[in-house]
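Dropping a structure here in structure tokens format, bear with me for questions.
Order as written gives the chain letters A, B and C; numbering starts at 1 within each chain.
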Amino acid sequence: MTDTRPLYLHPDRLLPADPAVRAIARTLYQSVADLPIVSPHGHTDPSWFAGNAHFGNATDLLLVPDHYVFRMLYSQGVPMEALGVRNPDADPREAWRLFAQRYHLFRGTPSRMWLDWVFAEAFGIDVRLDAGTADHYFDSITQTLATDAFRPRALFERYNIEVIATTESPLDTLEHHAAIRASGWRGKVVTAYRPDPVVDPDFDGFHDNLATFSDLTGQDCLSWDGYLAAHRQRRAFFASMGATSTDHGHPTALTADLPRTEAEALFRRVSTGAADPADAELFRAQMLTEMAAMSVDDGLVMQIHPGAFRNHNAAVHQRFGRDKGADIPTRTEYVRALKPLLDRFGNDDTLSIILFTLDESVYARELAPLAGHYPCLKLGPAWWFHDSPEGMRRFRRMTTETAGFYNTVGFNDDTRAFLSIPARHDVARRIDCGFLAELVTEHRIEDWEAAELAQDLSYNLAKRAYRL
Amino acid sequence: MTDTRPLYLHPDRLLPADPAVRAIARTLYQSVADLPIVSPHGHTDPSWFAGNAHFGNATDLLLVPDHYVFRMLYSQGVPMEALGVRNPDADPREAWRLFAQRYHLFRGTPSRMWLDWVFAEAFGIDVRLDAGTADHYFDSITQTLATDAFRPRALFERYNIEVIATTESPLDTLEHHAAIRASGWRGKVVTAYRPDPVVDPDFDGFHDNLATFSDLTGQDCLSWDGYLAAHRQRRAFFASMGATSTDHGHPTALTADLPRTEAEALFRRVSTGAADPADAELFRAQMLTEMAAMSVDDGLVMQIHPGAFRNHNAAVHQRFGRDKGADIPTRTEYVRALKPLLDRFGNDDTLSIILFTLDESVYARELAPLAGHYPCLKLGPAWWFHDSPEGMRRFRRMTTETAGFYNTVGFNDDTRAFLSIPARHDVARRIDCGFLAELVTEHRIEDWEAAELAQDLSYNLAKRAYRL
Amino acid sequence: MTDTRPLYLHPDRLLPADPAVRAIARTLYQSVADLPIVSPHGHTDPSWFAGNAHFGNATDLLLVPDHYVFRMLYSQGVPMEALGVRNPDADPREAWRLFAQRYHLFRGTPSRMWLDWVFAEAFGIDVRLDAGTADHYFDSITQTLATDAFRPRALFERYNIEVIATTESPLDTLEHHAAIRASGWRGKVVTAYRPDPVVDPDFDGFHDNLATFSDLTGQDCLSWDGYLAAHRQRRAFFASMGATSTDHGHPTALTADLPRTEAEALFRRVSTGAADPADAELFRAQMLTEMAAMSVDDGLVMQIHPGAFRNHNAAVHQRFGRDKGADIPTRTEYVRALKPLLDRFGNDDTLSIILFTLDESVYARELAPLAGHYPCLKLGPAWWFHDSPEGMRRFRRMTTETAGFYNTVGFNDDTRAFLSIPARHDVARRIDCGFLAELVTEHRIEDWEAAELAQDLSYNLAKRAYRL
């Protein structure tokens, strides 16, 4: 193979340019680079660890499931069908070639950083991906995936994952989690309770889901009391399978605290299909407060992830389904939205709520002041589109001065791309160490404080915040 | 005392990391470090300077009155009662220990920079605050406060304060200001006219305040004409006690310019308690324009500070009262909101209005374009949560290119924490000099221009903008 | 002339401060500094190139037409009349002196960078502008403008402009463009189709414009079909005069896709003067979708420039007319606003829409995710108030990680100040090379990738995106 460019991960990548700052950042990074990975929020598939089957080919593993990758290719005119998205007839090698030819599109994106890490570090490839090396990549990755060292449990151990949380619907039987436990394998894979399918009246199949919820729990989930009891029951079951948290992906951060009779009447409209959009929004709002009440009782940490306009592209949604890269962030308000919940539970420090946002304009204006006051609130890391070097820097610069570091919760990878997990944690550790090094160089903190903080941001805070 | 860490204020703290930039910044900073402090907007207590009594103990001086400090401790589960907030039974030494044990929570915050300055520079302490040094700090600060060198007037002189403005309600008798003047002491302490208690129908005690306003002025403050005349009278009195400015802390920036009959009818509803929330908002809006009209006549500079959701935490408000750290910024609109006032007075360059914001998204989008056009508008400095190194940098980066430096007004400390005043001005001077040094290094301005600007930003602009 | 300060454009201006980053940036910049200028969007006057007459004096060329300059002077109390704005009686030399005395107001602004470039590079002046050099400047510039080397075509060639687009109303006869073509001069000057005068019911003279539109096209522009046919006809004429794009300057980004009968009824209200403000907004929204439909047919690239509150200062608008520096940006929403258009055409990759914004809070939140998914969308460069060093850096930092570089379109100068065109492109190239150099130094891209990107951002992307 001639005319290829070397692929090389520079040991100082993502550390600040200034030599003095970089030297401090490097020392800090070296002190945390090998810490175990705590992954308290993500979307890996527990069946991987239960079945421990080989992953398929390069395209199946790295292209088809990664909406960061195919959204960019789609934006530049590549049909998703050609990439194999919802198209079993696509030739994976041809799909990989389409990707390889356009790898320059990812310059400056976090996908490029994560993928290069996977190529070089996980697969040991030493040439850059482009049209000329496409087949070499495809063959080499696909062959490596067939080895035992690349089965899910081996990778879990190889990357020193101390604990990983997956995310399941209340309707999930958690059979894969049960199988993992029964298998005797010592990897710690826990679930998290994500009730959107039975909480969001706009969720596909909501009414069928309520029926299933009844069947599964033996509760009458068309009555308000039965519905709440079913949640309590499933939460207890999830907790028994290791869950320490719940996750709520609402369009807005709205909360409500209705009198019981109003809540019951609202649920009647929602559960009978008589709800209008305002009812649906109010019901989601009320359910955040109900979930907070249950968290006060059962200790599950509550995660609120608002602000995505899901499935914005109607044609893509219809053809390819959910999660196909057409979720777009929207402006999100927290101060008035959270007040009903906070008026009821805001001063209860047994409750722990982790707030995320896709709207960076609220970091300094709303989230840091809220988290810097209310005992129950903490800030989740830079999320989704903002889980990137510049995005993480903005997060630290805009939240630290008001909320401090200790009202934040370390890093979440939030991904379904398994091999990107170590890559993402590595990026986060580098960026945080760079930020700390800047504070040291400007004499805003001492070097020994930065060293403590590096451990906290990379490991301790996530364990503590998620009660893991 | 063993195992203690040294406390040392590095002379280059807060200056940019790059050695070339830092060298320029250092030279600029040295040229302004010793300029007198002009403090045109703040909340110190004039009785300090009138009575010149000793401050109490460390907790009374540094912890209880500083909502930046106790909000952070509260967010991490420390009850405010235990810190002595609205609790005379709290043991100040125990409160100080709670604070000292958690001083790491402030890493990366401006409070940490200000407090370390106070500890090292004002009190000469040379070890860091932590659990082990808590008692040493408490005793040493408390003893020092008992000396004459730490009485209010001595500190005023020691820190080279040329002028300080306090903020009073129209209902205030200004007796402390009168006492200061009568005392023969030469420190310049002036008042500022903050009419919120008689302008905001939602202010606690608004109707009683109107009655007091009548008593104090001899005007019938339940009639629109009498009410306006009372304002004019009190403004004149405030001006006679040195006031050069007014201050308006509204929930939004809304202004209105109603026909006289409508304004009068609105005031009738407001003054008789028949106002709904929309009336209250409209009345505040109308009063900004009325205040502008009076400023055109009497020359008082007008400050508009909108955008805080006050007393967000209902339980904390009820138990501890106002100003307890639960004020949260909200999204704030200026372009449409200010138009009624600007349509009437915007081109009158005898009027001077200083705009502040808690919503940084308006810096480049709304405030800089408005101030870069309207003769009556200037921009106040980064305010409150944004009065911090990163906040100040964002302010300069996002306003300078459109509004220039000369539509800004220098620094305000806006504090009730007296000893933090020199610390805050020092931070502001360092950050501004760092920003100027970056412009010099990128050849965007010349070194001699930066030297002029450093003087302007540190001293001249505040004097000029506030007509001091 | 004594006591003057030298004017010198440092070769490293605007390059990052860090020496290692700067060295990389310098190399990148040198590789693109002399590339031809592609100016695909702007507001120069085609009569300049048609008539090739001398420009007038310094004030006429540099002060009166530049609202960046006179808005700043006006904000500091200089009457526009005194500067010669809409005042033929003003003495141009006196106007220039007013400007020169206040040139310090521009410190830190892009105007200062552009003007210094014009002074030093175009006019060869070697002393700084201030009160003492005002007359020297005025005389020297005015004399130089009288030379043949400073006639419009000579300047066009001297600054290596490969193509420039002007912007005309559908009612424009394009006679100047015809004259340029007929003249045999080889400079490429093309038009762009800006239909606001016949699309925006709130535009001054809208109804008269419809009548003229009918006269010009022979269509009945009071019927919906005739009106649309007239657009098609004028678009074809514009394309025949070189246009490759349309331009739409709406108050918001709202789009609509009404059924034909509703659209027709709406047009009836609008064209008969029966439209209320909501109708006007809906009509503009519908017309964006109609224009997109025509672009699918004729291939004209569509530019959407929303978010300015035009003529905010009522008194200035009344006295001086449009475009006098009182246009103020407003918060702008894209995600819901664009959905009707995108639902219809979003997946059609023959359509190309370039989005601009005055609201930087949407860069990372809305625009980059939209452009990083939809095949028809690309992002225009930092625009208007944000066409500045800090503004461009924010644009790159906030869009690249999600949209990549290849969903952006290179630089637009968007100016009516002819001599600032090379100055603005130079600033853009420097800032982009600085950004790329930072990515190289942090090992986020390779040096050879940065070299390719520098060419793309400076030249290739603009040609490709605008189909020039």
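The criterion applied here is as follows: a contact is a pair of C-beta atoms (placed from the backbone, for glycine too) under 8 Å apart; a residue touches a chain by one contact, two chains touch by 3 or more.
Because the structure is predicted, anything quoted here is derived from the model rather than measured.
Visitor: For the sequence-identical pair subunit A and subunit C, determine the rotation angle of the Cα superposition and round it to the nearest 5 degrees.
Guide: 120
Visitor: Over half shared numbers or under half: where do the identical copies subunit B and subunit C land at their interface, same or different?
Guide: Subunit B and subunit C contact each other through largely non-matching residue numbers.
Visitor: When the C-alpha atoms of subunit B and subunit C are each averaged to a single point, how far apart are the two points in Å?
Guide: For subunit B versus subunit C, the centre distance works out to 40 Å.
Visitor: Mind pulling the subunit C residues that touch 2 or more other chains?
Guide: Expected reply: 16, 18, 361.
Visitor: For the complex, which residues does subunit B have touching subunit A?
Guide: So the residues of subunit B in touch with subunit A come to 5, 9-10, 12-19, 71-72, 74-77, 104-110, 112-113, 309, 312-316, 325-331, 358-361, 385-386, 388-391.
Visitor: Spell out the residues on subunit A that touch subunit B in their complex, using ranges where they run on.
Guide: Within the complex, subunit A touches subunit B at residues 16, 18, 20-21, 333, 335-336, 339, 342-343, 346-347, 349, 361, 364-366, 368-375, 377, 397-398, 400-407, 438-439, 441-446, 448-449, 452-453.
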